[in-house]
């Protein structure tokens, strides 16, 4: 009996979207007001989706104490109340929410590989940037014939 | 690195559910109070889900200026503050939210085929009709036996 | 044209997480404050996701009168304003939201097998336990290599 | 010990904003796209706020069975899944959400005067027309200079 | 410059509504399914509203570290993941959300009187019991000529 | 017939909480992680509450076209996608949400004094900084003995 758990965490952070390889005009064209040199910010909601067998004794897919410890250490303490542009990763990559999503997934995957969630697996990471925009990696509600 | 973006748009519209091919009694049985001859209405939330490679320069799956232009032109300006029954498409088809969902997907697909979103692809359209009811096409959280 | 409908129902119930096969210390370690002997409670939101062909006459995936009758009879009237530990099923299994999710799916599947939803199929059940935690079975946003 | 209870009810209805006393051009200027001759619609959330002593035996401000019976009879059954322009009241008055708010308050006040809520009093009615717009009558979060 | 801050805290608890002074039949009449002997539960959202001068140096109405310490100690740690009927206060009083609201206000008032919030004042406590029901004490959106 | 309208606008901005008149240690004590030198950010929801007579012809408290023009010009275009610390006002005052609230109210009041909303009056401004924290000025749900 494989089931899924999604748990939401919250971050407030700032960022400026600006690519070093683009000219000023290209940056404005690509990022609009998000290119404002002094930055702006968001309340990000990070939903971590894990899957696994429902344990026959505890009735749980994943120990929530472990999940919270993992996500708080790897993600919330790292990114909450920060400026994303100050991270090494975002020196070479623009700190869009897509790239933040990939980075959150990468950090959690490494922790999960080290056993942070016991037998539960990391399925996907979904980030809500505003009440209208959300991002998801690596899995979304897509399925096409012959996909992958 | 393929990721997904969901972006929400809002429409207020009215409709009456009534099938020409059914009798009055059958219409009442099929649609209940939604068959009220003078119609009723909803605030529809249309979430458009697109997928694509995260661009290595901009860090984005899809240019939001393009996405907004596409959805506003094709969908919001067309359907917002209207009576759905007045559209040609809904002369032959009952303007249920399922059929609105198919029509929104069809209109956006054509625009995407004409290049409206650059390299990003349309994955799915999800419409919330009320805070309790939502519809999705063509993809949902479905997975068939043997899929794993 | 196969589309999907998600409809949300609400339950308030109490539970205590406690496994007979574990010692007191193990129960505290596994369930923390959820092991409190007098229980606690939640407002559960149960989203039932069904799929099917959009009917060419009615424009609907599923008759909502049938869906409501089915979910109200099988789930809401059974579990709303109850203590989950008092159900026979939860004598042997801890009434975690994972196990509640499996039970809701099982009960609805049987009703659907008896024809409760006409031609519509049960795709998944998703339960929100709090505004931060949700569970889903059997389908989630997962896709592995080779699927389909 | 006087306390307050707010309870939310939901209506889907359509309307067209059009004043008989204004010209076509004035109607368009006043109401914009809400003047569309075929109407449009909303999901209205009606929050009814009542106040009263907390009963020393039951611990309640108002019997919810009575409150639901009153609001369902007077408001929900009357306006849900209707076109507001078809009501006599809205022949002379434009069915804006402000006027709907006044009418809901008037109808509930009469019922309360007839004893529908026992000793509880009607304090205010607040209607959410969309997720961004809400209306309230007769009381709001207003306080005049010198009020302290 | 006096301004207001509302901050939300979350509790999951169970309760049974039952008055010792009423007969079985009266209890059922007064509380319906909330009188179920094994109880049920809710996710309560407790919004604490404080007011005060905006400090000319810090720009804040209330130190959030103090507010969180106060509400967590007095309310969250006391009531979260508990059965409300097990508290002494609720031996004599039915643990309705109205009575919980009065008790939360009383506990916070005492802490504020002991200086827990510095110069900020406690204005009101509002509890959401479900997404449809909320309670507030002692202040609500009521104001009548000559009130109080 | 005086009624009230609340309308919500959205801003994304960054800020750093730091008072020039305080030492480094005092700044850390007062603002904690909000004192991070590179700032952080939020999605602010600004709810503008206006009151007025319901116009007997249009049935409206306030012309929404005027209200949107006023709030977009004075507030959204000024503060959206900016760093609040770069504004002259916030050189002398810490850009807490309390101070942002006072500034938004001040800017809107001046516009209203110049006739921006016709006969409607500005009642209050409420800002949600996160899903848990909100601020309001000058009016809140407070009422003292003898008020009015």
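In this document, chain identifiers A, B, C, D, E and F correspond to the written order of the chains, with residue numbering beginning at 1 in each.
Keep this in mind: contacts are C-beta pairs under 8 Å (C-beta built on N, C-alpha and C of every residue); 3 or more make two chains touch, one makes a residue touch a chain.
Since we're looking at a predicted model, the values are computed, not measured.
A.B. asks: Quick check on the contact graph: shortest path length from chain B to chain F, in steps?
C.D. replies: Tracing touching chains, the least step count from chain B to chain F comes to 2.
A.B. asks: Thinking of B-D, which of A-B, E-F or A-F forms a repeat of its interface, with over half the contact pairs identical?
C.D. replies: Equivalent chain pair to B-D in A-B, E-F or A-F: A-F.
A.B. asks: So what angle, to the nearest 5 degrees, turns chain E so that its CA atoms land on those of chain F?
C.D. replies: Here the rotation carrying chain E onto chain F measures out at 120 degrees.
A.B. asks: Same or different interface residues for chain D and chain E, judged by whether over half of the residue numbers are used by both?
C.D. replies: Comparing the two copies, chain D and chain E contact each other through largely different residue numbers, since under half are shared.
A.B. asks: Quick one: chain C and chain F, Cα centre-to-centre, how many Å?
C.D. replies: The computed centroid separation for chain C versus chain F comes out at 42 Å.
A.B. asks: Determine the centre-to-centre distance between chain C and chain E, using the mean Cα coordinates as centres, and give it in whole Å.
C.D. replies: 30
A.B. asks: Between chain A and chain C, tell me the centre distance in angstrom, where each centre is the average of that chain's C-alpha atoms.
C.D. replies: Each chain's C-alpha centroid was found; their separation is 27 Å.
A.B. asks: Residues of chain D touching 2+ other chains?
C.D. replies: 131, 136, 140-143 - these are the residues of chain D that touch more than one other chain.
A.B. asks: Go through the chains and record each pair that touches.
C.D. replies: Taking the chains two at a time, the touching pairs are A-B, A-C, A-F, B-C, B-D, C-E, D-E, D-F, E-F.
A.B. asks: For chain E, which residues are in contact with chain D within the complex?
C.D. replies: Where chain E meets chain D, its residues are 17, 19, 21-22, 30-32, 93-96, 98-99, 101-102, 131-138, 140-143.
A.B. asks: Under the stated contact criterion, what part of chain C meets chain B in this complex?
C.D. replies: Touch residues, chain C against chain B: 1-8, 49, 51, 54, 57-61, 63-65, 123-124, 126, 136, 138-144, 147-148.
A.B. asks: Which residues of chain B touch chain D in their complex?
C.D. replies: For this pair, the touching residues of chain B are 10, 12-15, 33-34, 36, 38-43, 80-83, 85-86, 130-131.
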